[in-house]
Amino acid sequence: MKAKIKPLPEITWDELQQLTLDDKARCFNRSDRPLHILVAQQFDRPLLQELGDMATRIRQVAKSKQGMDFLGNLLSHKTAMLYFTQPSTRTFLSFHSACQILGMRTVEVRDTSTSSEMKGETQEDSIRTFSSFSDVIIMRSAIGGLAEKMAWMLSHTERPVPIVNAGSGKDQHPTQALLDIYTLQRSFEKRGGIDRKTVVFVGDLARGRTVRSLAYLLTNYERVKQVFIAPPALQIGKDILDHLKASGSEYELASDFEKVIPEADAIYMTRIQDEWDDKTGDSGKVDISKYSFAAEHLKLLQPHAVIMHPLPRRKEIAVEVDHDPRAVYWRQVRNGMWIRVALLAHIFDCSDSIRDYHGS
Amino acid sequence: MKAKIKPLPEITWDELQQLTLDDKARCFNRSDRPLHILVAQQFDRPLLQELGDMATRIRQVAKSKQGMDFLGNLLSHKTAMLYFTQPSTRTFLSFHSACQILGMRTVEVRDTSTSSEMKGETQEDSIRTFSSFSDVIIMRSAIGGLAEKMAWMLSHTERPVPIVNAGSGKDQHPTQALLDIYTLQRSFEKRGGIDRKTVVFVGDLARGRTVRSLAYLLTNYERVKQVFIAPPALQIGKDILDHLKASGSEYELASDFEKVIPEADAIYMTRIQDEWDDKTGDSGKVDISKYSFAAEHLKLLQPHAVIMHPLPRRKEIAVEVDHDPRAVYWRQVRNGMWIRVALLAHIFDCSDSIRDYHGS
Amino acid sequence: MKAKIKPLPEITWDELQQLTLDDKARCFNRSDRPLHILVAQQFDRPLLQELGDMATRIRQVAKSKQGMDFLGNLLSHKTAMLYFTQPSTRTFLSFHSACQILGMRTVEVRDTSTSSEMKGETQEDSIRTFSSFSDVIIMRSAIGGLAEKMAWMLSHTERPVPIVNAGSGKDQHPTQALLDIYTLQRSFEKRGGIDRKTVVFVGDLARGRTVRSLAYLLTNYERVKQVFIAPPALQIGKDILDHLKASGSEYELASDFEKVIPEADAIYMTRIQDEWDDKTGDSGKVDISKYSFAAEHLKLLQPHAVIMHPLPRRKEIAVEVDHDPRAVYWRQVRNGMWIRVALLAHIFDCSDSIRDYHGS
């Protein structure tokens, strides 16, 4: 039996920090609104299915101007604050577009040098001020745990607006994992879904929070096999492997990429994230070519398999691969936008209206 | 009898500069549109009442989606330029939200390094260009008097759009004073309004333009007593005291904060504004603790009294005080947004439509 | 007979680069959508007339709130990306306003230091990502030919959104030329249009892409005489003169500005663009006063003539000239906005709806 978890306004900050990710997820998911989206572990299989179905539904509704105008009226009375103090054009644009599709007004804070933080204000006071002008705060920060801390803090105020974590530090980027699952759902729609597939992760698996979250979420599906291909120094973390073991998932650590390609249903390429390198340089000496998808690898790949990448890429995937129909990384970008629309609709409780919409 | 004042397009810049603040206020308030909002002195008691009532009305209308959609259609054909070359996230967000609530399109100029000023354009030409794309310019600048100068300049062009001063230099920040009055109106709604209250100002009273404007506006009310508590070097200016004297208002300069707390109806805390310090440093040696509101001060405070702060704060108010219902500084933030909506509705003449609205 | 030109998706990048500007224009204008706007040469006389008429029509419709609301609904389902990596507040605001008038949602990329380009992404990948979130990309860049290259690249993807060149490097700025033609159309509306007029260009004619494009477009009109007044080092390029010769247009190179003023129908002043100077400095030694319009020149100017300037100006035109009704450079700014609305309506095929609109 699972331990009873206190809801956010009752738990102390220290108690919250001592919870496992799974227990944190249960804490944040408590039916008490607002629904903060802070860790990938909040998405269980039914919710992943529901959000994916909703994203596909929204995509259909959005095909006509009438449908777009319908969507654009749903949250026209709400304002989203995009608090992006860590550079990320891609995630910013994706959320910004998602907000606009639902008609939300948006306001941005991107550079704290123009903010009151300069005048000695605490981050808590800044965020509380921002919450005064918005109905949701979508937060991207280089500081690990910031989104969590602010959600906890706001839960004790008169205006507890939901926080959506759009990437915090090295640890969590839950909506990226969500869009990856949605891409897999769509890719295997006619092949029995994600169950029983082999997913191969390649590259910087130590620091790619995307990979870590996705590996975790894949344990929601049956008999998925995960293969991790990385230079030893950048191999996937032990905590993830422990979780895979505990959940009875099959996995393999390997180093010969070409050998693994033929058995993959999905290959998830990643960039070496040298912006996290310390001064001695963890990744400078890595021979990147061993962890790259070259044009000649296409012929090793199964006809139904897909090649994914969270982007931006450097040279991990040859540009020639882009034209192959199995390259779905550009579709991932659009999927990310649609699944974020679905997530916002879920947070603001307007999924039913969308389901009931009958347009021309 | 008051002197006759020429309207903006007829007065010369030199003549305008020689007017008193009261006469400037009369010049800017002339019924000739556009109505520029440049100095706090433009708000007399009837206008303060009207704007406060309108803000409260708008707040009610905004409670429903239908009401928000009504408001959001009122100025959907207008564009507001937010010209914020001095950092101020808080005031920016407040005005931005206010514009969005009325459906105004917004466009921002925040960094003049990306502007034509780099190419040697005069500020007059820049502002005139910006006026081509907007129906109102909301202007925040480190340069004292800039908003005034630009309002005067635009009044001589074919496109004299209104200017709203969102803070210029050390001198004026009229909408901050407006929101403070609105907060006092609401706080004393059931206690006879602002008349006969004791307002205590604490901290950097020399350089806080907020305090200066509010002290001035409080002379619109009957028998308000003002107490100024500050280190000698940062005490309120003689010009303000002269105005209080001239208007027959009661005031007191004091240094013992604790002693004054029990008689206060409102305590207005402020931050030491050391960004205005010259190199020798005016405020470095101030013992800030003597001008701070600590948790233990709460028990000295009358039950109906309120604690205000224009924010951002540093350590002038202990975080523990936030949870006391008499701490209204977070409400001030929301009040600021609503009173700015009311002000824009006033400038664009749509207050009547809002008053007449009957929504569900 | 003109050579057959391949459409964008079939031509190679090398083939495209070898075309003349006229042939490029034919390539980009091919009826295959999307319609990219990349070079001024795409505007022939019928299209210039159509866009000018549409701008004037839109200006009329926009006079009422009902009309603005009609326009604001036309493209409410579309998103415009404003990719402005080269500083240009004026052009940015003009396009931004134009998009908003048609109800387009807008999203901005202005500083690539916050973008994935920092993480080693190619510009092609960045733009392709941006295209995922938008229906048109309005692109301003210091890199010559970038807009062309990106249009060509996108034409090979599943999401070939139109590109509008808002200024690339030293070479092209087609919508600036468009607004200049529109200003001339309006200025000579009651004097037989642009045909048979004398247009005098003054200042930095070598590096002003505006002048180069406008000189080119004026060959669409009958018996226009062009006079170029510039210091020898900054005189108009030989390629333009060759084009004028080939098209049988009359032109003159001159150095005595005052002598030419009385015969001008339009005088087009320009700024010395020293931001393009190399280190030795091409323009430092130019006596700018010889290429300036002073107050005393007004009496030399014909009563119906107009003074234009693409702005920003430095000292090429005395401020006193602003008040003369023949000074139309501030009107150019507004014209630029309206003609851009017309252009976007043309790209998105909603000109007919606007023509058919019957509002009150």
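Going by the order they are written in, the chains are A, B and C; count residues from 1 in each one.
Rule of thumb we're sticking to: a residue touches a chain if its C-beta (ideal position, glycine included) is under 8 Å from a C-beta of that chain, and two chains touch if they have at least 3 such contacts.
What you see is a predicted model, and the numbers here were worked out from it, not measured in a lab.
In this structure chain A contacts its sequence twin chain B using mostly different residue numbers, the overlap staying below half. Between the two copies, chain A and chain C, the C-alpha superposition involves a rotation of 120 degrees in steps of 5.
One inter-chain figure worth recording: chain A and chain B are separated by 42 Å, centre to centre, where each centre is the mean of the chain's CA atoms.
Taken residue by residue, chain B touches two or more other chains at no position, since every residue touches fewer.
Listing the residues of chain C that touch chain B in their complex gives 65, 68-69, 72, 87-90, 93-94, 96-97, 100, 110, 271, 275, 311-314, 319, 330, 333-334, 337. Residues 73, 76-77, 79, 105, 107, 109, 113-116, 118-121, 124-126, 128-130, 132-133, 157-159 of chain B are the ones that touch chain C when the two sit in their complex.
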